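Letters A, B, C and D mark the chains in the order given here, with residues in each chain numbered from 1 onward.
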């Protein structure tokens, strides 16, 4: 069995990693690091895991863990403090946070409002969206796990751009909705139950930190892309409704064919028959990205819907998928 | 006191009419018609109204009610059966359903899949979105209350079109989300609790029955307008996120100024300072439509958010607003 | 118009006071005090009140407000700091917190873990459950508004004890469930959306701070009363399921008769026919307490259900009811 | 691999069986029977199972399935129509419905309002609560899976009765709360989203069909047991708050010791340290029953909380646990 360390193990991403890794056939979690819960048994803090991590106790300090791979599920700015040490000690690092997603340290500083502490490893980091970079993952020491919104967006948009069927002058609209777990476990008024239940609201309109990941991967310009993030009154799931004008296709079937070709052998992409719509229920607690298409041939208007679980394909599940590729396990191990 | 009849009084729209009319200073409900609950006291069926409608009992038949005004809150196709009789007996009719919203009976038949039973009164019906037709309401015998989605959409879009600031070639996207009460009270699997909670899904993509109301009022073409309806896991409220390219303005303030001018004296429109976002909580159980704007001057991308309560400004509240205008009461009577 | 000050105006209780008082015919809010939001217009912070409190700005300091009555909606321990000053300046005080609910300062200190700062006024405070103390309110300078759980409990239990139909040796069980707004607006992990949604949990089992209010008002012993508080995944409402053995009655009708006699002329008590059950929907956003009864004559087992809105009859509505009595307005003014 | 048939495969219980069995190491589902969805592929109807049941199509008729074991997840009254035929053909039957839970056909007829169609097999059926009947399961041809409420109740109550620590004259109160999935998938107004969200209500007070299962298993009298069922605004989970007077114990630890002894080697019982409370989150999507205890030594009042997932330990999970025992697989196979 390979040995894994999870840093930031009591946040929602860390807890989801532990939940998924409990059933992994090739890997065991040997270190769970949590500053706030150090010294407590895992099952005390995460009772749904009782019986699955006997003897594992949260540790305070992740700087000297010994493992084959480390999952970094910490707030922005923390992974870049520990990655150099991990790499030096020969531990593969998979960062679920944003520290290594943007290759340019100046852009990182603009978006995240603090300087990058480890610019030396930025170029080396592989942006781990396996559907587009599978061959680069196995050799990588450092994998940057994509953001949740960009995962759903790029899986829907990049094949369209690659196929050349988007009328780019008309722009692409991505209206995104996410469950509250995407905001993390730290209490705040915005994520308090009474503020969220029976409510719905937008945030970071035209200005979301995840947008650069979409522009970069799908190779589109900011002027072509309008993105709104919105908070759904539910725990987990992201659904993005994507609008564009299509050219060069004659039917919804043609639109679907673009995806069928792009994702012919993908284990985690599910394409819906034209006019059928994915919903969040179908992807919750799975590593699937479900895609459905609509097209009005008379006017060229197209709508694509992309749905994932933000904690799984949008974070912990994709991180495990990357780990599987990295350690040359079956790509779906622990995920199906 | 004027006398009102409510037909379809035990659906969600009818119940909301009764709730709001209980506090109206100028009008009392003298007839509540419900086939399914005929013979039962109102407070037995709608316990939240206990103490407010002593002695009022649901009636089975609305064809011979005696009142000054009748609110028709029935399923599509039923109002057109009773409107001719009401008008003949001198009773003003306010239809909350779709029967009189489209002026062309052929278009009605295409959209609603059955022929129109009362084409003679279609031309006479006033489309009651008071912000755009206030002067025509007082004299009208028949008022067609707008659909919930078109109310939020037209209040956001028509001022933009009138001001000429939309780059129409790029199209307008309206990504709409609604609470479940918009689907009515009749049980169905799609609106069952376990199917809706922790879920989110789209329906009627590029093909919603309400779209013709938007095209007609805001004077845009179908090819210019992409509309998606989506089901939020909550009871009431509609929020629409509207995307377009703007021309002829230099800032979000300029965009806001378009609305300030259009809605200078409107009692039920609330405009948010630029970059502030309306949410559903702020409009729930009110007759307000809240509008917020975002604009990126560098690229021309604009986003407008429009929020209403689908049962109030989207239905029962707007119907009372129309009734107030029709009977020359204060427009806000019973609504503030 | 009488003038009111609201202290703690941006918590959930304070916000509910403002919402309800906006429609009060005899009283206007002249001061809204909030340390955290001082200087901001009310409608900015509470957008659902936009248009209703033009010109009213939150103030930082409530110590020198000038008004006829002050509503104190602050955390435990704060009201007792300002009450002496208010009374000295001739302002009637209605405290929605726990500071003046227990007459013995030593008991207060045991329950709330800090000494009482104003023991001199404890004896003077009237415990404002109007159904049981109506005559004492008008002359009172200081009214202590009951806790939310005890309001629902005492309205259900006291008539039973007074009628002598409870087999006290078997004890009374009160299984109480509350919406999350009862926990206040301060963010915490326990009231975060992702912890509450799709969850249900108990707290303060056999040890809730509100129990002494029930024992005192209903005149029962701690050994006779088992109380559990539980958190419902919803915003507002309290429902209590109360179990006991009855003696001296022969039917559910006899049990109902106990309440009919006790509440013959009460404007805010609604009694359900035997075997019908109140639910939270029926009382939400109202000042009603709904009561329903079940009785098995064969075995003497009885179940009573009591439902209120924790923010209305359990807090702000009852405070207004007390204020109406205190200032000799109609008891239901602003509440029906 | 053993072969299983699932009858009633598109209800919530059937869907949960399919979800859980997809990961079972010893058994494959060879027949999925659903009248309403006959002819459709499983993954079309249950998209969350896409990729897991390739080629499996719903069948209309379960009367001639060929398998080693049949799970019957149908409405009350349907299993008893097919059980005789299954047994005749040598197929073990596990009934998730109520048809074989009560040994007396007259009692069945009284409770379920229709006569029993297969009284001959009632005596043979093993009531499959493995914690209390483990040895009887392996040889059984017909297993009656317990009701969801009785599972949580008996696991909490029977050890107390067996240990003789309940003051029976004071009675036992079981205040039960369930998620909406317990009501099944058939649409009804009571389980419509808008009726359930932000609501909470009781039903079947003192009169629930599941009570006889508790009386029989825990060996208590109806006069000693007060049971209320209540509907939580959430999808899945049952939490029961159980009140009684204890005798012969001195502390909460003593109370806990009763359970520790009863459940020393149970794989699916988790006991919480005294004063810690189980919640629904910890058991959701697991086959665990979590139990927590509270005791006030001064007065003898005791409270026990029991939590399960109604669809797992309360239905499909327990059915698989029984099947594992019946076919002599590891008891936890497919469940941990």
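Please note the rule applied: a residue touches a chain if its C-beta (ideal position, glycine included) is under 8 Å from a C-beta of that chain, and two chains touch if they have at least 3 such contacts.
All values reported here derive from a predicted model rather than from experimental measurement.
Visitor: Starting at chain B, find the fewest moves between touching chains needed to arrive at chain D.
Guide: Graph distance in the chain contact network comes out at 1.
Visitor: Hey, which chain ends up farthest from chain B, C-alpha centres compared?
Guide: Using the mean of the C-alpha atoms as each chain's centre, the farthest one from chain B is D.
Visitor: Could you tell me the distance, in whole angstrom, between the mean C-alpha positions of chain A and chain B?
Guide: About 39 Å, centre to centre.
Visitor: Distance from the CA centroid of chain B to that of chain C, rounded to the nearest Å?
Guide: It comes to 37 Å between the two C-alpha centres.
Visitor: Check each residue of chain C and list the ones that touch at least two other chains.
Guide: As it turns out, chain C has residues touching two or more other chains at 179, 195, 197-198, 233-235, 278, 281, 284.
Visitor: Using the touch rule from the top, collect the residues of chain A that touch chain D in their complex.
Guide: Within the complex, chain A touches chain D at residues 47-48, 50-52, 197-198, 267, 270, 278, 281-286, 288, 290, 336.
Visitor: Within the complex, which stretch of chain D touches chain B?
Guide: 12, 179-181, 185, 187-189, 191-198, 233-235
Visitor: Under the definition above, what is the set of chain D residues touching chain C in their complex?
Guide: Residue positions touching the partner: 169-171, 173, 175, 177, 179, 195, 197-203, 205-206, 222-223, 226, 228, 230, 232-237, 239, 241, 243, 245, 275, 277-281, 284, 294, 296, 298-301, 303, 305.
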